[in-house]
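Just so it is clear, A, B, C, D, E, F, G and H label the chains in written order, and each chain counts residues from 1 on its own.
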Amino acid sequence: MHKKELEKLLEDHKSGTLDTEQLIKQLTDMPFKQFADFHMDHLRELKKGFPEVIWAQNKTVKQVTDAYEELKNKSKRFLLTRMTDEQAEALNNKTHFAFDAISRVGIYEEEPLPKKGHIIVIGAGTSDMPVVKEAELVAETMGNKVTTIIDVGVAGIHRLLAYYDKLQEANVIIAVAGMEGALVSVVAGLVKCPVIAVPTSVGYGSHLQGIAPLLSMLNSCAPNVSVVNIDNGFGAAYQASLINHIGEE
Amino acid sequence: MHKKELEKLLEDHKSGTLDTEQLIKQLTDMPFKQFADFHMDHLRELKKGFPEVIWAQNKTVKQVTDAYEELKNKSKRFLLTRMTDEQAEALNNKTHFAFDAISRVGIYEEEPLPKKGHIIVIGAGTSDMPVVKEAELVAETMGNKVTTIIDVGVAGIHRLLAYYDKLQEANVIIAVAGMEGALVSVVAGLVKCPVIAVPTSVGYGSHLQGIAPLLSMLNSCAPNVSVVNIDNGFGAAYQASLINHIGEE
Amino acid sequence: MHKKELEKLLEDHKSGTLDTEQLIKQLTDMPFKQFADFHMDHLRELKKGFPEVIWAQNKTVKQVTDAYEELKNKSKRFLLTRMTDEQAEALNNKTHFAFDAISRVGIYEEEPLPKKGHIIVIGAGTSDMPVVKEAELVAETMGNKVTTIIDVGVAGIHRLLAYYDKLQEANVIIAVAGMEGALVSVVAGLVKCPVIAVPTSVGYGSHLQGIAPLLSMLNSCAPNVSVVNIDNGFGAAYQASLINHIGEE
Amino acid sequence: MHKKELEKLLEDHKSGTLDTEQLIKQLTDMPFKQFADFHMDHLRELKKGFPEVIWAQNKTVKQVTDAYEELKNKSKRFLLTRMTDEQAEALNNKTHFAFDAISRVGIYEEEPLPKKGHIIVIGAGTSDMPVVKEAELVAETMGNKVTTIIDVGVAGIHRLLAYYDKLQEANVIIAVAGMEGALVSVVAGLVKCPVIAVPTSVGYGSHLQGIAPLLSMLNSCAPNVSVVNIDNGFGAAYQASLINHIGEE
Amino acid sequence: MHKKELEKLLEDHKSGTLDTEQLIKQLTDMPFKQFADFHMDHLRELKKGFPEVIWAQNKTVKQVTDAYEELKNKSKRFLLTRMTDEQAEALNNKTHFAFDAISRVGIYEEEPLPKKGHIIVIGAGTSDMPVVKEAELVAETMGNKVTTIIDVGVAGIHRLLAYYDKLQEANVIIAVAGMEGALVSVVAGLVKCPVIAVPTSVGYGSHLQGIAPLLSMLNSCAPNVSVVNIDNGFGAAYQASLINHIGEE
Amino acid sequence: MHKKELEKLLEDHKSGTLDTEQLIKQLTDMPFKQFADFHMDHLRELKKGFPEVIWAQNKTVKQVTDAYEELKNKSKRFLLTRMTDEQAEALNNKTHFAFDAISRVGIYEEEPLPKKGHIIVIGAGTSDMPVVKEAELVAETMGNKVTTIIDVGVAGIHRLLAYYDKLQEANVIIAVAGMEGALVSVVAGLVKCPVIAVPTSVGYGSHLQGIAPLLSMLNSCAPNVSVVNIDNGFGAAYQASLINHIGEE
Amino acid sequence: MHKKELEKLLEDHKSGTLDTEQLIKQLTDMPFKQFADFHMDHLRELKKGFPEVIWAQNKTVKQVTDAYEELKNKSKRFLLTRMTDEQAEALNNKTHFAFDAISRVGIYEEEPLPKKGHIIVIGAGTSDMPVVKEAELVAETMGNKVTTIIDVGVAGIHRLLAYYDKLQEANVIIAVAGMEGALVSVVAGLVKCPVIAVPTSVGYGSHLQGIAPLLSMLNSCAPNVSVVNIDNGFGAAYQASLINHIGEE
Amino acid sequence: MHKKELEKLLEDHKSGTLDTEQLIKQLTDMPFKQFADFHMDHLRELKKGFPEVIWAQNKTVKQVTDAYEELKNKSKRFLLTRMTDEQAEALNNKTHFAFDAISRVGIYEEEPLPKKGHIIVIGAGTSDMPVVKEAELVAETMGNKVTTIIDVGVAGIHRLLAYYDKLQEANVIIAVAGMEGALVSVVAGLVKCPVIAVPTSVGYGSHLQGIAPLLSMLNSCAPNVSVVNIDNGFGAAYQASLINHIGEE
């Protein structure tokens, strides 16, 4: 139902050619479609300020550049994740665009959001860096102050304990680990803030491409842990950013 | 190293019988144990105000009642989860104790915490009630205003949409679902707050005791979702409570 | 938004105290909730004639009898699946109610629907009988003429071929099998109608409680096969009934 | 038993050199092979009008072109699925042949079938396009009017609701989704027609190449859902076409 | 097509009221059903001498006793496997019936078959005895001389080697093992006859109810091994008996 | 213990410098090693006539050619399985050597063994050809008359039934199938000889690289089935050949 | 070959009725069986001092008491694991026998072995106690000084660090953990001795009865870890005891 | 807290400007970080003599060469595992560096450690060589005398028994096997020393990239077995070396 049709109905009602019962019937018969049309802008508004995201994996270069151009016209900032080299190359000389080769994240940002403190991204090993970096860049772009700590696997617990004070500063922690994923429980036990756990596919054999740390994290003995999909640095950062901005308008 | 030993060392240093280098060496040689002794209270203090929890499953009645008596002396409120009927019966006439037979949660509470708004617990079907109720009771005990919405499975989407306005009020949502767990993605798409997803073991056959909705939730196309273990209403509520209290001292 | 509020708005508009722009704004701001209120009856109407179903597993006797009484007032016929003996006993002397102990299906039926032909339920072995019977009873209650063929496992292919002519009469076939589930592909190859496949949990060892025939059926080399969950005779019958009534108003 | 042998037997019987008992014995001793010879044409006839299909995956270019030439002589239309570029190139300039690079479907069609209304193919995301397109092309070739709706993932439920009216027009819906596959339950809840669900391999990590949405769909809380193999757009379209043509001669 | 109808057709042909073409058409149109009717006896004849089997698991006492009575009238010997105590009790005082409580096998045998040599059943541990015994009893009933060797697990290889000579006497060996199932490969390496491997559910933890030895046996480095389902002593014995009787009429 | 040492011991005993007790002690102390030395030739002799096999997968070209030269000196015939193109090329112009590119089997054969009848290799689809061909070539090389039947998937049961008579001629059948693997149960139900089932990795999605037909075959309702590893045409042929030669010296 | 036969052969050789070549042939033809007879005592001797073990699970009371009586005559000490209450009751008043109800271990010990230092058994939570206790009792019975540390889960790392000094004293550590099993990596990082990891079945949901900590431990980032089966406290203690006694005669 | 700060505190206390209570408070408030600083050297010292290891998989050439240069300055010997050709080439002409192409292990060794006897590495097949070699090189570099035995798969048990005497010499055995992994149980049964089992990914089909032998080894009926991750030759050698050096200072 377009606005004009609605105006017509209301006019008819006002003029008496349509009685109240009939108008109500028409409005209540108004199927989902029109309702959705009305609300789309409303919803979009609600979510204003959140960067949109293009999941570039499985997309052609053209699909990505088309989506890029479309979003550029609608939004001051947005993200592209899991970009291929070809996709990155096609966009690399664009204004306001930057590509990070480690995390394969592309960022379009006309002007950065102010950074609210404080999310800590902590990664078990250097091999987890792509996921750590994805989380870091996404969280920063969404307006969070981010500190990244890397290479603090639990087999050398003193390395992690060295960051004990720093960890207390976080509103939310993103803990990234492959192998056995034990970092999550230890970190969660050291802090009182929520921890978002990200298992990575770094490992081999019975690691099952990340299933081992995923199960480990889901079964954490620390209660302040929730988990996202394997290698999902983006999702962890998005969730952490929402948490860090709780209570804001 | 007990406090007295430390006082002795410092005294010796002050009196000159122990030179600075030697004292520093003693302190740095101080192994983890003493360090831990020092910090235990510190850590406990940090986490003050959080209710402790006894996971009663796999415990004998005596183990539970002993733990109960011990915690009662230390704490004004604490929780017992997954209690058996026998365990509940053994505690049921105690002061300040209440047992909920649906969720099998026991609560010891001398005086309730003030309730901060607002966590919404939303459950797909009535069979998910035990997990929903566990989340609700844990969140309330931890000082959160909680609203519970039940029986809004996605196969009748209008039932869920009826709560659209209500959902916008939440700081964090706990979404509980068995079967295919699709409720989580739909709810997460309707709100801008973080969603903690709890798969339940309600289902049969290829449900695999909750693995189906667990995988579903981990692969949600909504980015504001993180997941806890199957049937872990407690963990979801704990995490949600931390999120709801972010920024408090 | 209740009807009265809407009437008031329209009245205000008619009387000129609310201009058209404002009224449209109010209507488009009308959140999902009101929309849902409007549409619930509409949706219920759409689905009129379909029996509602209570999944009795995991429910208490009281929950089941309460649901029974509620549905009885709304509907001329409905089904209860996976009933326990206790649940069945609690309802067993009710008017219009019948319980089948093999399939654990309960049927409330004030007057049967006319039977449209023709659904064939075919089961590999006698151990699959509970699922076969569930499918049969559900399909019949939903207004289908049903023929049931049992004990035609593929290891004795002549037993199945003996029903070749009969199978051609079906508009849709429900094929139920445990063990290796091979019945589905053979049946589907003999007919040109759609086949709904139901794996059962009948088997042992590497059968994995029905996963073996489930995978078998999903990988059928026959293209006219789609699959429902393990032991889900109800779902297969529901789907088959919809197919059998395609094109009806 | 070739026809001539049979004629001979009947002649002998007619002339009296073979008595009735002996003839019947010979006929009943006639093993499966002859029986099959008799019935092959019969069966082929029964299935007349159904396009045959070559599953080109795992086949050499020559195997595919040979099969193509053979089918071309027998049939006015047939399909090739999962074609490689090399296979497509080898056939690309043939008369009546068209290749779709997205779905990797090849169609040989001398004259299209009349289109019976109405199958809707609905896909959750643009990455599911290859499977969506496969379903669309197969359904069209089999004589169905097809409408395709894409990019209506449940995390933005308003996008799906916008098609509420359209969905009511379908006789059968093919719902295609990767990630968590939740689209299926929501769609199935909005309509009263049967839904054929197709999980796709679009996802990562705990998605397990499509196992996550497969399990999700098998456990759908909507009863009007049945499921085909991961990425099996062809099978879904075949099944949907049969359903759409139920009752035809 | 019943015999009388066929006689009628042939008579009509003989009398000239039905010409040869028409008769042949009628015969070739004769659908599968009639064909199957003709051949059922033929097939049953082919398999004569093989004992029939009732898989008693999941059957009621009545279903078992009914099947027993029916088979007793058709056959001089048959087997019942996986009997419950109740089922066994119901049959226990019957003539020609014996029940073995370890393997839960029931045997109806009016007169034993002559025993052909030689099947060896070898079991890794005493806990595998139920499966070993099932294989032994089934093989004996099917007319094989059987030697059983038990408790020769590979962790004490000398116990197995002590039977080296004996093993050479077998035409076929049934190797039964739980735990890691390594017995199969060692035994298969010591002999030149075929080995039928039976994994058992004896184990715990990562044994996964028999999946561990099942995978072990399927991956045996010995080429003279084939495998049956977990705990399927019956199937192994049936297969071994066929092998032992190869070449017999 | 080398022969000379043993001769020396016996000589000492004969001459009286070593008494009987001491000699027996020495002999019984003779550790496993010497024992093994003695028996190696014995064992090799036992297995004489069986072609040795080189599993070429995971081996370098040099490892394969070295093994080839070594075996050539010891044996009149042997097999190489899963050869790469490079390995095949390195051996291709050798005398008595032939390579089959479909199955990737290489055969060194100075003079063929006489063929004993009769093994039938039956394959569900043309995509299973590599495994079917491996089984065929291995069985032939081991001295069996082999008949191969291909493309008789159960979805067109008449194609399989056409071979009913032929199937009765086999002493043992090798049934090869990917997809849902249902061919095995149907074939096994048509014959009374043992069937060796080979699941193949031909399929996609929930096929899980052959796990679907593997489980299907392990759970066959036909008792005359045993199973080998996925794609293990070699093992099936080896087992079948042993069965076909049972009773020979 | 019994000793007498061997004496006879040697006598014949000595007397000249059997020449050396013939005797050697007879000895080398001596099949595995005799060899095994010779060596059984030798092997048993080698392993002297190790307590034998009866795995009581899946055994009847009689089987257990019989095995008990037999071992009692051969050995001064032995263990029974996973005893049922009935089994324990049947032995409970025997001399030298003790039963531990937590671990379900029974110990027959006429005189304890001297204790060599030092094995530490460390358990994550009180629910892991049965497995911890099994390891402790088995290790003690095998002659090791054992220290047990319990309830030091990694979510409260200070509890574990409090034992830092104590941990350094161990020659080998047995680390027992359910839930996510992270204790293992942290402990292994704190020490330089080998760690034997035991996952337990303590957990729920995605814990999969111990698979989660099992995978976690197999993927530990600490290199000084090896793993035994879920709940296998016995095996861990046995392995640890061997390690602790390395180099002893 | 740097040393200077600590000296300052102690000085203040000595001079009386800081009383004892205050100093103790400062020391006990000293958070984990400083503590860790103190202990890092201590821990490093503890582990002195152990070669550090770079897991080169998933690292860039630069990351590897950087780590190499850094470690070279700190350590006389270290290992690189799972090197790519590019990584090896970048280091290949360095002094004290050697690369083994089979195991992909790189060794930097200024001067070898003295070799303590005796670790035996035993591998089932030649395809397991990369893992066997990794274990061998790591163990040697860590100061162990190593004997390697290869190609002693259990299907030819005499090959393994030939090493019976040799096996008795080991303090610890590393048993490496793919396929069904049965070698481990047989070897463990022949010796009284601990066995570290390494499953390999050598196999196909239901081998599941090493899961089959992994499960096999975890379920070994021999109690002197513990297991490391699939293909983890390094971890097995590290663990074995620790065991072999037990009791050393």
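Methods note: a contact is a pair of C-beta atoms (placed from the backbone, for glycine too) under 8 Å apart; a residue touches a chain by one contact, two chains touch by 3 or more.
Keep in mind that this is a model prediction, so the values were computed, not measured.
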Set of chains adjacent to subunit B and to subunit C: A, D
Interface numbering overlap (same over half, different under half) for subunit E and subunit H: same
Copies subunit D and subunit G - rotation angle from C-alpha fit, nearest 5 degrees: 180
Distance between chain centroids, defined by C-alpha means - subunit E, subunit G (Å): 38
Inter-centroid spacing, subunit D versus subunit C (mean Cα positions, whole Å): 24
In subunit H, residues with contacts to at least two other chains: 31-32, 35, 39, 156, 161, 190, 205-207, 211, 214, 218-219, 229
Pairwise chain contacts, counting only pairs that touch as defined: A-B, A-C, A-D, A-G, A-H, B-C, B-D, B-G, B-H, C-D, C-E, C-F, D-E, D-F, E-F, E-G, E-H, F-G, F-H, G-H
Of all residues in subunit A, those that touch subunit G in their complex: 124-125, 153-157, 161, 179-182, 184-186, 188-190, 203, 205-208, 211-213, 215-222
Complex contact set, residues of subunit B against subunit H: 3, 6-7, 10-11, 13-14, 20, 23-24, 27-32, 35, 38-39, 42
Subunit E partner contacts - residues on subunit G that touch it in the complex: 31-33, 35-37, 39-40, 43, 55, 57-59, 63, 199, 201, 209-211, 214, 229-232
Contact set on subunit H toward subunit F in their complex: 126-127, 156, 158-159, 161-166, 190, 202, 204-207
In the complex, subunit B residues that touch subunit A: 46-47, 50, 53, 168, 171-172, 192-194, 196, 214, 218-219, 223-229, 234-236, 238-239, 242-244, 246-247
